[in-house]
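In structure tokens below, several structures.
Both of the next two complexes hold chain A, though its partner changes from chain B to chain C.
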Partner chain A sequence: MIGAVIEKEFRMFFRYPLRVISSILVGIVFLLQFVYFGQAVLGGRYSTLLEASTGMGDYPTYALIGYVLWWVSVSPMEAYVWGVRRELQRGTFETNVLSPSRLISLLFGLALSWLLMDSLLMGIVFAVGGLIFDIPITGSFILKSLPVIVASLAAFLGFGFIFAGLVMLLKNIGPFAQIFEFAMLFFAGVFFPLSVMPPWIRSLSNLFPLTHSAAIVRNLFAGGTYLQVADHILWLLVLVPLYWTVGYLIFRWAERTTRVIGYGGY
Partner chain B sequence: MAATELRALWGVAVKSWRIFLSYKLWFISDIALGLFFVGQALLIGIGLTGERNSEALQRLTGYSDYVTFAILGFMVLGFGLTFLSGFVWSVVDELYAGTLEYSFAAPMRRITFFLGNVLTRVFLSFLYMAVYVPVFVLLFGLSFDLWALLRAIPVLLIGTVGMIGMGMAAAGVVLYLRDPGPFINILEMLVFALSGAMYPISILPEGLQVLARLLPYAPTTEAVREVVAQGYHPAMGEITYLVTISGAYGVLGYLTYKWSEKQAKRIGLKAY
Partner chain C sequence: MWAIEAEGLKKSYPKRIPLPFRRVEWVEALKDVSFRVKRGELFGLLGPNGAGKTTTIKILTTLLEPSGGTARVLGFDIREDAREIRKRINLVAEGERTLYWRLSAYENLKYFARIYYVPREEERKRIETLLKLVGLWGRRNDLVMNFSRGMKQRLAIAKALINDPEVLFLDEPTLGLDVQSAVFVREFVRKLVEEERKTILLTTHYMAEAEELCDRIAIIDHGKIIALDTPEGLKRLVRGEETVEIRARDIRPEKILEAPFRMAIVGDDPSTGIAKIRAQVDEEDLPKLVEWLVKAGAKVLSVERKEPTLEDVFIKLTGRGLRD
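Coming up: the complex of A and B.
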């Protein structure tokens, strides 16, 4: 069932090549804005202050890693918010809900397919970013990062699951999701080090899987080991089951409520 | 006839406004977007340099306060995108909602439909600025010289001619496309990247610098920044170039749109 949803989403997305090109271009341009701004302010690409606070002084590399992970991390959230809404607008959501499959499988398939598609697109953006900013991306770095990237994807899926319930209940939560997505840029230190934030925000940022994923991958890129970022790995391992549980409970509650008030094929 | 068109224009603008108001959270989201944009600029600057002013940016642009630099760019870009978005998204939104045929079948000129949508967006753009300026002053300690800002308005209006022209040309292309969403996204991203809103275009590779100067956005941003910082006299070079490029886009946009509309009527596109 989940495989069928993934196949459907992939077919729909890749049948319009201009849409694929547009998504990649959006990804690259958004990145360029902040990296070029940082370079204009710095007068170069290297910041000693950034290195002192994060262990990585090359700003384009710092921004590229954080940005690509941020994009993928909000992908399941986008799938629930826009994917479900799109089906509602097209009038296909009711039909899908009435099919002999569990709603949770449909939604999970939707989130997983968007996550995979965005991972693919961001892989391209990462490679293009590496070329534009002359960042040496090696095979060993990618291999070393794979376990943490897989764990991060699992955490992002669980985190986004919270929104599956919300979208069923509140319908058009696009603007809310957009605010939240941009807030993540601040809370997870995507384009700037978290050391510039007040201590309470730094503590809060620990609750977001992206904070830890970005810190681990940046450390690995800088030649560090998993041991050096053991605290971040621990956080990530705690957050994966936590968000899956919280997301599932919210979803079940939202599903029960929507059955009562009647919405989306119930 | 003119009175009827004006009523239709008002009707389209009111409809567009009501649709926007029906999702009030969009307003908050749009405002938040501006704050995030400028907030990012401030925190990137502090995170990388530890200071509020940048000598490197001063050498490149004459602005040492990078937050003021980004805010001016953001405002010009936001205003400029109003026209492009107004012309193209008005078609796309209605196309996706399935109401475009009805709107185009209404007894009014197509350009009235476009301008009505643009009018709402221009109003929103001013509304956002009215919110942004005091918030930026309070949150980011922005110090505005009101006179310097006011003297840049004529320059912004010159650039507006070119931005409207660009919007009309894009609307002409949109009439031809079955699914114009990706085309608009690509166009908006090109404008965003080449507008010089967040960074001076001199930092871009040479090819992209040429492309940026061929669009009306970066020349407007640069002329506005120069006039705000230095006054009219030192900015005469930028203003002369802006007048030329903006005038060219105004004429080109009008001609492209008229040609496209004529073609659409001939071959039958989107309710023509």
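Coming up: the complex of A and C.
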């Protein structure tokens, strides 16, 4: 049944090649802007300051890893917020609720399909970024990074259920979700090292799985081992079940409340 | 066993979202709705907009939690056994946006077949049968966005039959359809009951539709069932009273609501400004009614005796027309 949701979403998205192309172009344009801006501020591609604080001195590589991970990480939230909202607007949400499939499974399928679609698109952006900035991406690096990326995305899939519940209840929470997504861009060390942030923000950033996955992947790219980033791995292992539990409980509460007020639409 | 049993259903909606620690006011949509539908029966819920028809359907289809009362569908409790009910029912909801417009007709049915757990070996055959049944097999690969409203409604009906439901809920199934499509839907619905032995609960505010299709009708108004019987039984409520239809110009609807007679506007033609009024009056009161209309500023064009319809029943029971 989750497969049916994925098939439906893929069909609707890839049926329009222009939409696919524009999504990739938007991804590349944003990346270029951030990388060139960062290089302008740093005075060049390589920064000893950056290397001292993060272990990775090459700014395009630093930014490319953080940016691609951020984009893919927010896609479950995007799916829950905009995907569910679109279903509500279409009037198809209640049609889905009415089926004997569990709503939480249908929504998980929706988030997973958006995540897979974004992973495909960002895979292309990552490859293009690698070519443009001459970053040596190897197969072994990707393979070594995959478990970490999967763990990080799993945390976001669970966390996103908070938004799925809220969107059913409050309908229009898109702007709130966007604030959260962009806050994560700041607080997870996507484009600049967290060492420039005040200590309390650094502590807060530990709650974002992205902070840890980006740090681990960058470390692996620089030739480091899992052992060197054991603290980040531990954080991820704590955050995955934590976010699933919190997300699930809030979703169930929102679902019960929505059955009182009605799923409705727009 | 009854297909549907509703007992004292009540439903209130909050004016604001009921968040923890927030005091909210509630609006009563259903006050007391009780009825039973037999298996294989085509049962109608007739009432004006806002009477509580859609709320009743949403409760019975487990989309909404009632505030009070109980209901069972095919013997399953709507609160406790929602999933069991959902396996055995389906709904054609009001409006045309219940399908994915960016998918083809075939892809839509395939998606719904999957989320209804239709066995894979049956899926293809069932989709083909349904699309042929609603006359869309030839357009199966076309995107729904290119369909007319009538075609979308036919596909919505096919979608609602994908799980071969025992009970089918139809919420205003002909609303906004052209005459030809509405006729198709009505004939199809009747066939589902007569040939497929489906139980159907249909809501409508079209009296003729309710009268033509339904075995029994419950008239609902302001969240309460005010009458329940066969169409003939309901019409007997107004038999013996004079029913007249008046055609007149320059009628002011707000005046009609204040009239000291049981009457209601049942139709108007904006291009000519002529409105139709139905009224129940004794023969000796008819001149007084015409006099009252003239005093209210109307130009009376004709007065005719008519056979009573369900609209007259509604006027008798509520003092208003279905459109007021």
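One rule holds in what follows: the second predicted complex is superposed on the first by the 263 of 266 C-alpha atoms of A that agree within 3 Å, B and C clash if a C-alpha of one lies under 4 Å from a C-alpha of the other, contacts with A are read in each partner's own complex, and residues count from 1 in each chain.
Just so it is clear, a contact is a pair of C-beta atoms (placed from the backbone, for glycine too) under 8 Å apart; a residue touches a chain by one contact, two chains touch by 3 or more.
Only a predicted model underlies this, so the values are computations on that prediction, with no experimental measurement involved.
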{"item": "Superposition on chain A - do chain B and chain C clash or fit", "value": "fit"}
{"item": "Which superposed partner A:91 touches (first chain B, second chain C, both, neither)", "value": "second"}
{"item": "Inter-centroid angle chain B-chain A-chain C after superposition on A [Cα, multiple of 10°]", "value": "80"}
{"item": "Which superposed partner A:8 touches (first chain B, second chain C, both, neither)", "value": "second"}
{"item": "Which of chain B and chain C A:119 touches, first, second, both or neither", "value": "neither"}
{"item": "Contacts of A:185 with chain B and chain C, given as first, second, both or neither", "value": "first"}
{"item": "Partner chain(s) touched by A:228 [first = chain B, second = chain C, both, neither]", "value": "neither"}
{"item": "Touching partner for A:206 - first (chain B), second (chain C), both, neither", "value": "neither"}
{"item": "Dominant contact partner of chain A by residue count, chain C or chain B", "value": "B"}
{"item": "Chain B and chain C, minimum CA distance [Å, superposed model]", "value": "11"}
{"item": "Intersection of the chain A residues that touch chain B with those that touch chain C", "value": "none"}
{"item": "Chain A residues within the chain B interface of the complex", "value": "16, 18-19, 21-23, 25-26, 29-30, 32-34, 36-44, 47, 49-50, 53, 59, 89, 172-176, 178-179, 182-183, 185-186, 191-193, 195-197"}
{"item": "Chain A to chain C touching residues, read off their complex", "value": "1, 3-5, 7-8, 11-12, 15, 90-92, 94-101, 106, 169-170, 256-257, 259-263"}
{"item": "Footprint of chain A on chain B - complex, ascending", "value": "23, 25-26, 28-29, 32-33, 36, 39-41, 43-50, 54-57, 59-61, 66, 70, 96-97, 179, 181-183, 185-186, 189-190, 192-193, 197-200, 203-204"}
{"item": "Of chain C, residues touching chain A in the complex", "value": "13-14, 17-18, 58, 61-65, 83, 86-87, 90-91, 93, 95, 97-103, 107, 110-112, 114-117, 159"}
